Amino acid sequence: MLPLTAFLIVAALLFCIGMYAVLARRNAVAILMGIELMLNAVNINLVAFWRYLTPGTAATAEGLQVGMAGQSFAAFVFVVAAAEVAVGLALVISVYRNRRTVIAEDVDALRY
Amino acid sequence: MAEFLVSSGWNANLAQIVASVLGAVVLASFGLVWIIFSIWLERKFAGRVQDRLGPNRTGPYGLFQTFADVGKLLIKEDITPEGADKHIYNFAPILAVAGIIAIFAVIPFNHVWVGADLNVGVLYFVAVGSLATLAILLAGWSSNNKYALLGAFRAIAALVSYEVPMMLSLAVPVLLAGSMSMQDIVKGQSIAYIFVVPVSALIFFISQLAEVGRSPFDLIEAESEIIAGFNIEYSGMKFAMFYAAEFIHAFVICVLTAILFLGGWRGLGAGEPGYELFGFLMVMMKSVAVYALVMLIRNTLPRIRIDHMMAFNWKFLVPLSLVNLLVVMFLARPFVPDYAAAEAAVAAGGLAGLFGSIFGSGFIAELPRAVVLLVANVIMFAAATQLLHRYGETQRAKLGVKDVQPVRATAMASD
Amino acid sequence: MQPNEWLFIGIFLIVALILPAVPIFLAQLLNPKRPSKMKQEAYECGVETVGDAWVQFKVQYYLYALVFLIFDIEMLFLFPWAVAYNQLGLFALVMMAGFVGILGIALIYAWRKGALEWL
Amino acid sequence: MQPEFGQWAIFGLFTVFIIGGGIGTVSSRNLFHSALWLIISLFGVAGFFVLLAAPFLAAIQVLVYIGAIVILIIFAIMLTRRLMGLREAVNSQWLYGLIGALITFGVIALGLVLASSGNTPLLASQPLSDITGDSLRDLGVALVDLNQYVLPFIVASVLLEAAMVGAIVIAREDE
């Protein structure tokens, strides 16, 4: 079986790539894509920890039951990612319509 | 297969891989070879519907027409438009076909012939189907053509919309069988689900028809409106690949309908151990029957407008499938079939024993649930059609059309 | 997990990608290649192309994809729930009905706001 | 052929997908290409989920991310396209960003390596438990179980509704 560390290192690398995109890209859509990468890295971690560190199986009436914390958390991360990207892109479209720009640092006024 | 290789001295893992590769090639080729036949079938059928003969020159009954077409396509010049994104442009038709063929991997042809009986089989084919959607997007974007891009966008908007009622109605057989594995869904159908939840089956069929882009939803290739759509810049074999993808997809939806709602390989004793081939024939017969329906619809119904198509989806199919899901959800729970009890009842004899010996104990176990759900479905169906009828009348009144009687078969006959 | 089944899926995906590439490759070998400037222009029914292919799209496309995304996420909860259906009690049923109901309300809102109209 | 080797090979393949796709995403000037690289990266993550015995999440990953989120992103790219010529893709602080990201990775990687080496490693190299039951069914039960995740589940549905309503209000044209 593969060691847990291998998965975690790949996830860390993916997280940092996403972080670079968030810090360095100018286009707001590209920044959102970076955030998606970061959320995916989180998901890898959650599922990897679930697979390796789930504390055993509990015998219940229906048979063996595996703790579902990791997978459930990953599911909620999916929800958050979807909500974030839906609203984020709507904001980008709205800003584009009003200001004719999608460059994140051009949108620096608190009001317009 | 793998056992045979191991017994002849191969490494177990290597044997496993070789067996998988061979199985994959056979299964995938089956899909591709089937197109050749289905294109011929489709043309013959269209010919009959339109009072023509269809292809009849090459070979007996024109059977070799498709081979001639393939030969022609092979020597067609393949034009890549200027400014196209070459790699993506070349990759899109491959992905279009691959995304559809990949569905074959989870289709159970009988109780042993299945590529991979995944425990997420149902989701797998929806997910893989979304790769085909992606192929349309790639083709439209990489062609560097306004019409291609426009066509791709409206195609995707339509495909994506119809995926919603498709998945909502798909949840119903999953819920009844208590599993997402295709094999388990077939095994749960002692009574085919079309007799249990006909509304779900109908929604699934309609939305799958839209996914394929078959008439009356063939706006993806609306020649008269947007000069073909996303594949406008494609020519030669690459264009043929999009076409092939459509044909396989049209057949795949029939197979899926047959498996999820018509009982798959079950029926008439098929699928019992020892009758594997009969089970396979059963799936194919059911699929071809559905395919005949698809062809009939294609050749008789006119294309509907895109705004009507979207409105039909979002304002009728999606609410209906939500209501359908809620109804099934609450009605099915008290009647979860108890197979063990039914078997005991059949063994005990009496009336249950009599019916059980005719239809099998699974039938007895599923009967109460089937009756309840069928009644609910009939009521829902009646209400939905009544709603549509009312809507049609108000729309006609709005347009000022007064005395339009629906065209009836009897009126046609009396002319 | 059934590792062998997923191995098969992986192999099958690769085969599914290779198979359609074969006829395209064959056609590449056999077909004539006489490119010309006229031939490679974007096809717009014979009219000269104006501007590049990037036309401005309506926001309507985005709204459809948005509603689809929300319903797609619903499947994430609906399918495991459907698999476990036979073991669930009334409470779980009511919870899922509430979930579906809330999304139904969202759909009605989108309908009222005209997000579902094709303009 | 050893099974160990096979696993590492598959792991390596998906790692190449994830990391290559990620680098492509952040480095492409053309946003459409960025989105396509993102698809490759997300596909690799789906492969990881299969390796980690969570095939349901893998299917959902393909369905939701590739089938919906990326399509949403591409639609947004098309909608906001007119003024994005081939200007610089990165801002003036990209170097700081790069250094920051590299340092973060260095720290995490160092921590992971330290945690997994030594006599009593914190991070196990073997799974504690084999997945024997149907983890999918357990997930379905867990999500609507009063003692487990029913509250987040309902909150998630409210969040989704809020996101949908908000996005429609923000993105609609005639305001």
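For reference, chains read A, B, C and D in written order, and residue numbers begin at 1 within each chain.
The rule is short, and it goes like this: contacts are C-beta pairs under 8 Å (C-beta built on N, C-alpha and C of every residue); 3 or more make two chains touch, one makes a residue touch a chain.
Since the structure is predicted, the reported quantities are computational estimates derived from the model, not experimental observations.
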Higher C-beta contact count, A-C or A-D?
A-D
Reported most central chain by Cα centroids is C
Distance from the CA centroid of chain C to that of chain D, rounded to the nearest Å?
18
Starting from the mean Cα coordinates of chain A and chain D, work out the distance between those two points in Å.
5
Distance from the CA centroid of chain A to that of chain B, rounded to the nearest Å?
34
At least two other chains touched by the same residue of chain D: list those residues.
53, 55-56, 60, 63-64, 67-69, 71-72, 75-76, 78-79, 82, 131, 134, 136, 138-139, 141, 143, 156, 160, 163-164, 167-168, 171, 173
Identify all positions of chain C at which a residue touches two or more other chains, and write them in rising order.
6, 54, 57, 59, 61-62, 65-70, 72-73, 75-77, 79, 82-85, 87-88, 96, 103
Where does chain B touch two or more other chains at once, residue-wise?
118-119, 123-124, 149, 153, 156, 160, 163, 180
Throw together a list of every chain pair that touches.
A-C, A-D, B-C, B-D, C-D
In their shared complex, at which residues does chain D touch chain B?
1-3, 6, 32, 36, 39, 55-56, 58-60, 62-63, 66-68, 70-71, 74-75, 78, 134, 136
Contacting residues of chain D [partner chain A, same complex]:
7-8, 11, 15, 18-19, 22-23, 25-26, 31, 34-35, 38, 41-42, 45, 48-49, 51-54, 56-57, 60, 64-65, 68-69, 72-73, 76-77, 79-80, 82-84, 87-91, 93-94, 96-98, 100-102, 104-105, 108-109, 112-113, 115-116, 123-129, 131-133, 135, 138-139, 141-143, 148-149, 152, 156, 159-160, 162-164, 166-168, 170-171, 173
Given the complex with chain C, which residues does chain D contribute to the contact?
10, 50, 53, 55-56, 60, 63-64, 67-69, 71-72, 75-76, 78-79, 81-82, 131, 134, 136-141, 143-146, 150, 153-154, 156-158, 160-161, 163-165, 167-169, 171-173
Note which residues of chain B are touching chain C in the complex, please.
16-17, 20-21, 23-25, 27-29, 32, 70, 73-83, 90, 93-99, 101-102, 104-105, 115-119, 122-124, 143-150, 153-154, 156-157, 160-161, 163-164, 167-168, 171, 174-175, 178-180, 227, 232-233, 236-238, 240-241, 244, 306-307, 310-311, 314-315, 318-319, 322, 325-326, 329-330, 332-333, 336
Residue positions on chain C within touch of chain B in the complex are 2, 4-9, 11-17, 19-21, 23-24, 26-28, 30-35, 39-45, 49, 52-55, 57, 60-61, 64-65, 67-68, 71-72, 75, 78-79, 82-86, 88, 90, 93, 96-97, 100-101, 103-104, 107, 111, 116-118
